[in-house]
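Each structure below appears as structure tokens.
Next come two complexes built around chain A: one with chain B, the other with chain C.
Coming up: the complex of A and B.
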């Protein structure tokens, strides 16, 4: 379980996150939606222990988040993460050496699934292949928490489809808590259980995806648009 | 885990190291060809000394290449290894590159001396190979390179810690310089205190040198008087630089943000 208690992150006078109170329950898949600059990546980095709150605290399974949280959190970063000079195999070996929960068996399966060639230098991979490699590295971990920050960034629709199938096949539903930030709502909707709209560092709305569909007959994208329209009108 | 970090850092620097070693060889062979062409083989030695003294900055450069590789996204901070292991891995691999390059330079110097000594291009006492002087040169270069490498790590960590303060972003370089100058000036001032000088002189070791010599970097100074070398400054210097390294690791763990 991930808890954010009154979390604020300030850069000078600018608030990237403003008094966020959120709980992400164990075994559920969450989507964090919102425009650029809404604080999605800041929230993910904070849960990954890469940023520290100016105010409030972030807890994962009751433990205050710091740099050591990486042992319980598998984090897919929107930038960086892979070293251009290393091959796919060397990246996999490096991750296996750093995270005790890294499953080589799962990694081998994912190599086949993601259609990656292990001898290739990561610098020579296309953007789509790099995206798939990042996902492979994160999904090969059997960590209680998965944080996927913009997993579809710069990927074409075919690759996005592979990524979603990868998520469905390799996430341990019910056990792993998964948070995904994305603009590609339609693609990710089938995987989500709950969605949160973040805007200007604040939680604008929250919904249960299934209830939304069954009770209000709305997709997450429609709900997002409606919420924004209401926000503008009010 | 630490082995994995070492392997990754080695892979990150491997190509740069190969290019550097090829450059050293190319420079040496050009210098040797020039010296042979002039019929004055001693002309190769200024080039060898240039390569030797470049080693003082080679270690910090190698270290910065490794740190630069992490700067995009700083994913290395999302790690089960703490700051000490992360930075130690970088320092050790940069040091490995430095040692490999220093050994190659030693070999080139030895080959050149083997050629130059019998032909009378170089004078040494009793026409012997200057092994002891070579070892001292290697030790001096290693000490100097480590000094700059540890300071480099510390100042790099301070620089990136200041990321969290946007108002200081434009004056970060100035602050880094100010911190370095302040610590050096403070160290030099402390070393001038008679009580400290007396304390330093209280523990010496004879190394057989008859002359009086003094050398140092920044605020640190070591001296040999009548063959006696003061040990306290050496010990304190080692402790100080270890503390600097630990401070860099602490900053990396607690203050450097992405």
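Coming up: the complex of A and C.
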């Protein structure tokens, strides 16, 4: 379980996050949606122990988040993460050496699934292959928390499809708490249980995905657009 | 490719509809074992909880039976296929009639048009 209690993060005078109160329950899959600059990545970095709140606190399984939280949190960063000098195999071995929960068995399955060649230098990989490698590194970990920041960024529709299937195949549903930020809402919606809309560092709305369809007859994308229209008109 | 879903209906019930249609068309046989929840989730690219709900719903309808430790199986009840076909038929007709009325066609004209359409098809031998 991840708890954000009255979390504010300031960069200088600008508030990237403003009094966020959110609870992410164990074993569920959440989507964080919102425009660029709404605070999504800041929130993810905070849960990953890479940034600290200016005010308030972030708890994972009751423990205050600090740098050591990396042992419980598998984090897919939207930028960086892959070392260009290493081969795919060396990158995997490096992750395995850093995280005791890294499962080589899962990694081998994922190499097949993601159709990666282990002898290739990561610098030589296409953007799609890099995206798949990043997902492999994160999904191979049996961590209680998975944070995926923009896992579809720069990926073509075929690779996005592979990513979705990879998530469904390798997430331990009911055990791992998963938070995904993305703009590819139609693609991710069938995997999500709940969605949160962030806007200017605040929680604008949240919903249960299937209930939204059942009760409002709306998809998450329509809901997001409606929420924004209301915001502009009010 | 993972499939596309319509926006206005819960995903679990869209998958249930699809299984029912496959059954009525004979693509799934009575008594046939359905993929496990996990397999079906991967095939469809959806959260396994959604498939759990799909199977639960189909079981309540009597369309599938879950056997402990063995999985989920299509029903072997003979009448079920007939009933489901009748349901789908009724739904399709309803949509058709609504659309026709929507463009201002009178009920009398509708049945006339349908009959005419069918006889013309017979003559030309199209299908």
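Here is the rule we go by: the second predicted complex is superposed on the first by the 234 of 234 C-alpha atoms of A that agree within 3 Å, B and C clash if a C-alpha of one lies under 4 Å from a C-alpha of the other, contacts with A are read in each partner's own complex, and residues count from 1 in each chain.
One rule holds in what follows: a contact is a pair of C-beta atoms (placed from the backbone, for glycine too) under 8 Å apart; a residue touches a chain by one contact, two chains touch by 3 or more.
Everything numeric here is computed off the predicted structure, so don't read it as measured data.
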item: Three-chain arrangement built on chain A, chain B and chain C clash or fit; value: fit
item: Chain B versus chain C as contact partner of A:210, first or second or both or neither; value: second
item: Partner chain(s) touched by A:193 [first = chain B, second = chain C, both, neither]; value: second
item: First (chain B), second (chain C), both or neither touched by A:77; value: first
item: First (chain B), second (chain C), both or neither touched by A:58; value: neither
item: Partner chain(s) touched by A:169 [first = chain B, second = chain C, both, neither]; value: second
item: Partner chain in contact with A:135 - chain B first, chain C second, else both or neither; value: neither
item: Partner chain(s) touched by A:94 [first = chain B, second = chain C, both, neither]; value: first
item: Partner chain(s) touched by A:159 [first = chain B, second = chain C, both, neither]; value: neither
item: Contact breadth on chain A, by residue count: chain C or chain B; value: B
item: Least Cα gap, in Å, left between chain B and chain C after the two complexes are fitted on chain A; value: 28
item: Chain B and chain C footprints on chain A, overlapping residues; value: none
item: List of chain B residues in touch with chain A within their complex; value: 1, 3-5, 7-8, 11-12, 14-15, 69, 72-75, 77-83, 164-167, 253-254, 257-258
item: Touch list for chain A against partner chain C, complex; value: 29, 161, 164-165, 168-169, 173, 186, 189-193, 210, 213-214, 217-219, 221-222
item: Residue ranges of chain A in contact with chain B within the complex; value: 11-12, 14, 45, 48-52, 66-68, 70-71, 73, 75, 77-81, 83, 85-86, 90, 93-94, 96-100
item: Interface residues, chain C side, partner chain A - complex; value: 1-2, 4-5, 7-12, 41-42, 44-50, 53
